[in-house]
Each structure stands twice: as C-alpha cells, then as structure tokens.
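Step one of this worksheet: look at the structure below.
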Amino acid sequence: MLEEKLEEVKGKLLQSASLVERMIEKSIRGLTQRDEDILVEVIEKDEPRENELELEIEETCIHVIARYQPQARDLRTIMMVSKMNNDLERMGDEAVNISESALFLIKKPEVKPLIDIPKMAEETKRMLKDSLSSFIDEDPQLAMSVCERDDIVDRLRDQILGELVTFMASDPTTIERSNHLIRISRSLERIADLSTNISEDVIYMIEGKMIKHGGFENSKAAFET
Amino acid sequence: MDRERVKLRIAKDSGFKVFVIVLSFLSMVPLFLILFYIMRNGLSSLSWEFLTELPKPVGEAGGGIANAIVGSFLLVVIASLPAIPMGITAGVYLSEHKVGRLSYLLRLAVEVLQGTPSIVIGIIAYLWLVISMGGFSALSGGIALGIMMLPVITRATEETLKLIPDALKEASLALGVPYYRTILKVILPAAFSGIATGILISIARIAGETAPLLFTAFGNPFMNLNIIKPVNALPLLIYNYATSPYPEWHSIAWGASCVLVGVVLLFNLVTRIIARRWKVQF
Amino acid sequence: MESTVLKTKKLSAYFGDNRAVKDVTLSIPEKMVTTIMGPSGCGKTTLIRCFNRMHELIPDAKVEGKVFLREEDIYAINPMIVRRRVGMVFQRPNPFPTMTIYDNVIAGYKLNGLELSRTESDRIVEESLGKAALWDEVKDHLRRKGTFLSGGQQQRLCIARSLAMAPDLLLLDEPTSALDPKATARIEKLMTELKKNVTLILVTHNIAQAGRVSDLTAFLYLGELVEFGPTEQLHTAPRDKRTEEFLRGKFG
C-alpha cells in the first residue's frame, strides 16, 4: 500500500529528473552545435511534458499524505519528493531560458569561442547527475559532495561575467550577445544551486538532519555526528 | 489523618472478614453433620446383597433395596423424557422472545411452578393420573417428578442462552442458515454445558423427593418394571421404613439414606466435571 | 469497464418509526473496496445489513426502496439465498466455538445441509484459508477447535468462512475494531489482496483506515448519503462541508 505508492512516486520523480537532464544537455548542445531544431524541441515539447509530470507528482504526494499519514522516514521521503519535484520544474524553466538565449545567439557570430560555458555546463550536469544518484542509491556522502562543489560553479560564473564585462566595455556591438551569454551562465549557476537543494533534501530524507542555511562547515560537522 | 480512626477502620475490616468466614463455616456444619450421621448409621448396612436383593418380610434377616433403586431410576427416566425437551424448548423460546404476551405468561407459569410445593404437585398428579388410570403407577410418579423438573431446566436453559452472545446467532444467520437450524446446530451445542448442568441438577433434586410419590408411585415391596403399576423408590422406602416400629427396618432406612445421599453427591460431582469440560468461553 | 455488483435506489431502513437510513442511492463497482464511513450511530451498519437482509431480522424493522445484487432485486428472492451470496464479517470475531477449524470454514455448507464430497471440502477449506492468509498458520491444526487462535486469527477464520461460500460481495462491519494494531494491519493488507477476487464493502468510523484501504468512500451522516467518490478526492478535497468537518475531526 504505502510502500508501493512511495516507489511509484519516486519512479515518476526519476522520470521527471531524466527529462530535465536531457533538456539541459540539449539546450547546451543546441548552443555549441548551432542546432535550432533541438532548441525548439526543448521549448515546445519537453517543457510542457515536464510541467505535466510536475503536476502528477504533486498530486500523488498530497494523496499519499492524505491517505496514509506516513510517519518518520516515509514522511520525510514524501515531503522531500514534493520539494525535489519543485526544484526539477524550476530547472526545466532554466533550461528553457538557456534554449531561448541560445536561439538568439546561434543566429549571430560568436563573441568569443565557447570554452567556459560548456565547462560550466559540464560541471553543472555532473552535479545534477550526482544529486540524483545520491537519491537513487540513498548515498548521503555523495549528496554531501555535491553541496561542496557549488563554489566551483559560482567561481566559473564570476569568471565568465568578468570576461564578458571586459568585452562589452571594449566593443559595444557585443553587448546584446554578451548579455545572453551572461543569462545562460546565470541559468547554469541556478541549476547547480537547485542541485545542491536536491542534495540537502536527500540528506534530510535519509538521515533526518537538516543542513540547509547552516553553511558548509556547520553542515559537515552536523553530518559527522 | 487520625491514626486512631485508621486503626479502627482496619480493625473493622478484619472483624468483618472474620465474621464472613465464621458464618460461612457455620453454614457448612449442618451438611457435615448430616453426612456424618448418615455414614455412621448407614455404612454398616451397605453390602452387595443390600444393593441387589429385594426386601425381606419383617422378622427375616437380610434383604436389600434393589427394587427401590431400580424404581427411582425408572421414575427419573419417565420424568426426564417429557421434561427435558419441553424444558429446553421453553427456555429457548423465553430467551428468544424477551417481550410479548406468550413469553410473559410462560415466564409466569415457570415461576409459579417452581414455587409450588411438591406435595401439591403430587395431589394434582393424583387427580389427573391416578384416578383416571384407576391405580397408582410409576407413570404418575414420573409425571409428577417431571413437572418439578420442568422449571429448573427451563431456567437453566434460558440463563445459559442469555450468556451466549448474539454474534454467534448472527454469524450463522449471515451464512444463510435458517433459524431453526441455527438454534439446533449452533446455539444449543454451544449451550450444552449449561443445559446439561441444569438437567443434572434437576435430577439430583427430584431424586430425593418423597411427598409427590406418596400418592402416585405409592411403593411396592416387589421389583416392578411395568410403568402402569406402582413402584418403589428410595425416598419412599426410607419414609416407610424409618417410620416403622422395627429396628431392622431402621437400619435399612439408614443404609438407603446413605445410598441416596451418595447418589446425589455423585450427580453433583459429575455436574461439575461436565460443566468444566464442556464449557464454552465467550 | 467496471461493472456494478450492488445498486440501491432510495433505500430507507426503519426501526419502528425511527428512520435510520434515508433514501440512499448508490452503486458499488466490482472488485474494489468501497468504504462506508461516518460517525457512530449514523446508520452505516444498518445500511449494510440491508444488503444481506439481516436488518429485517430485528423486530419492528422495515425496509423501503430497492436493492439490486447484479440486477436482481434481493427483496424478491429468498433471504437465505441472498445471505449466501452476500457474506458478512462482524466486529467481534465469532467462529463457531463447538466446531473445529476445518468445520468452521465449511460451516456454511454443513449447516445448510449442502452436501460436499471429502475432496471438495478439503479443497474449499485450503483455498478459503489460503485466501484469508491463514492456511500456513493452521494447516496442522485443522481438527482443533478454533479457541486457541488469537483475535486476529479468529477474524481471518471468519473471513475464510465467508469466502468459502464464494459470495458475490463481502460486507465487513468494523472488522478490526476489536483487534490490536498488528492484527489490524494484517487484515488491512488482506483486504487489498482480497479485492482482486471479491468485491468488498467496509464499514468503519476510523478515517485513517478508510484512507488506507478503500478505493471508493461514501460518507454517511444521520442516515443520509452525503458524499460518495474516490478516496483520494474525499480525503484531499471533499465537496460537502459535512464531509470536511468529519474528516477534520469536528464531530464523530
């Protein structure tokens, strides 16, 4: 009864997660390979599907709570699934943002060769993948490591911003394109951030320990006790 | 709190306990005295011949009470045959119909019958049966005793059935079992222990009844198995012999009393055993 | 396409002049658990007793309206036939105390004088006890009286006894209220298994149980059918205010 329902909703969440992973991957590939079709797909096909899944999962979570009054670990699980569901939906939105900016950029010449953005995208994708793995495998250590890597992505974004600001200052014709690139990097940074949210939720689900907002050092200490 | 008052209370408590124990003990004393006297005077008369031989005429030594034993047995059988089915049926009816005209009247009848003196029942049986049959008989004696058994069995049946939860009846009815089958095959078997106890107690009661037999069974110096003829019984024999002027007959009466009391005690013991072994807990 | 096992039309039930069930119309679909829930005294037990014609056994009881079991008007056929097609499990487990476990299971046949061959009855006993999740625990004790069984086991025996009659519908009147939590959980699990083969109607005043076990829920209040729908919907967003108040514990 309850166990089956929990397995069902976790499965749906993973479905939603792999869709979001693909959306991110496609939107970056569309940018680097200048593939318009793939970007349109993300916006017109993938996003509506993701929204659909989000509603389904949300409804199921409410029903599970209403019918089964889950306790302890089961309660944490269903609450965190609901939150992760939200986070995934926002990641989907960010992927759409990336695709929209990409659609603009691929019609114009490059401001500079794309090195940093793909690098940032790689790191972000890895963080998302790991946070989902930590959920599937119930691995709090892996989840913890994702939280630690958030700084790397933040630094990459700052780096890209700095570079593009210099470009914009020296050549005003690059402003529009640079803006979109900044937008993309910001979206990637947000996706990374949402991945750390997911990881924090996974840790709470497994261990019952809340590590949000406590800062990294505090969290590590709390985690080790 | 007052230490004095507490002490007084404890003392009253103990006093009450002692009072209860002493009185309970005292109420057992008559029973023990009876048993003691009967044993003391009657045990000596007991022997195999005593139980199997017919009474001898006055003056002759020996003799036994065989005809009285057989007669008592016969009377019990004749009494039980109508009393048991009627009593159980009446008990079932009363437990199923707690309100209603018929059950009110039936309940009243049972209570009145229970309170009727045994000699009156004897007289009634005399009028009904002895006169119309033209003579004393085992049949009339048995019927009189049966009438006395009836209220006891009815009561016991009703009380036992009251203790059986409705759930049992419902379980059977919910399976589509008709009402009469439910009573016969589910309820009565569950009530067996209580009903059997009631029957045995009623038998133990009538085994020693004398008054009704005085003008129905009447007594018989010989062995008789013919139910339309008079028959001897233990209480009758005891009455006749004890009130006679012959000392040999007095000792026979003591012996017969021994046998009668022994039989009643045995019945009570068997009743307890059955009650415990077959009792259905709810 | 689900078919309907039981249908009522403006069903009312009376105790003398007191109307305990008021104009209830509903349809019970097949192979699901439908729960009738409501506060104590709302008429839910009376309602289901109209489904197996047990209500009329009470003196002064009266039934109005129609009840159809697979399109047949149950008040037009022999009540004993109805009761064999609609089984009932009661609040307190009530196995027959004078019968062995084996005989208890086939009691419906034996007491009705329905002949069964030895192989037939063996098969029915094993199947029914298996369906009631009791076979493994009692298979070596079939010839013993059921009194040594725990409350939960006794209740499963009663379920087996009803299942042995291969009923169209099984009514369960607060079947776990006399049992401890562990036994209750077992029977709840059993109900979700049973519904694959038999349609179940459950009566309970335990809201949590109704939520866990049933597919459809009907809320009965003061004899009236207030709301009837999928359990999720009733528990998350009931349409009637009275349903909402009951679920939130404002009464009952």
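Note that the chains take the letters A, B and C in the order they are written out, and that residue 1 is the start of every chain.
The working rule: a contact is a pair of C-beta atoms (placed from the backbone, for glycine too) under 8 Å apart; a residue touches a chain by one contact, two chains touch by 3 or more.
Because the structure is a prediction, the values reported are computed rather than measured.
Chain centres computed from CA atoms place A at the largest separation from chain B. Nearest to the global CA centroid, when each chain is reduced to the mean of its CA atoms, is chain C. Averaging C-alpha coordinates per chain places the centre of chain A 92 Å away from that of chain B. Here the CA centre of chain A is 50 Å from the CA centre of chain C.
Chain C contributes residues 188-189, 192, 208, 211-213, 231-232, 235-236 to its touches with chain A in the complex. The part of chain B that touches chain C in the complex is made up of residues 165, 167-168, 170-178, 181-182, 185-186, 189-190, 192, 280-282. If you check the complex, the residues on chain A that touch chain C are 1-2, 62-63, 66-69. Considering their complex, residues 52, 54, 57, 79-84, 87-88, 90, 92, 94-98, 107-108, 111-113, 147, 158, 161-162, 165 of chain C touch chain B.
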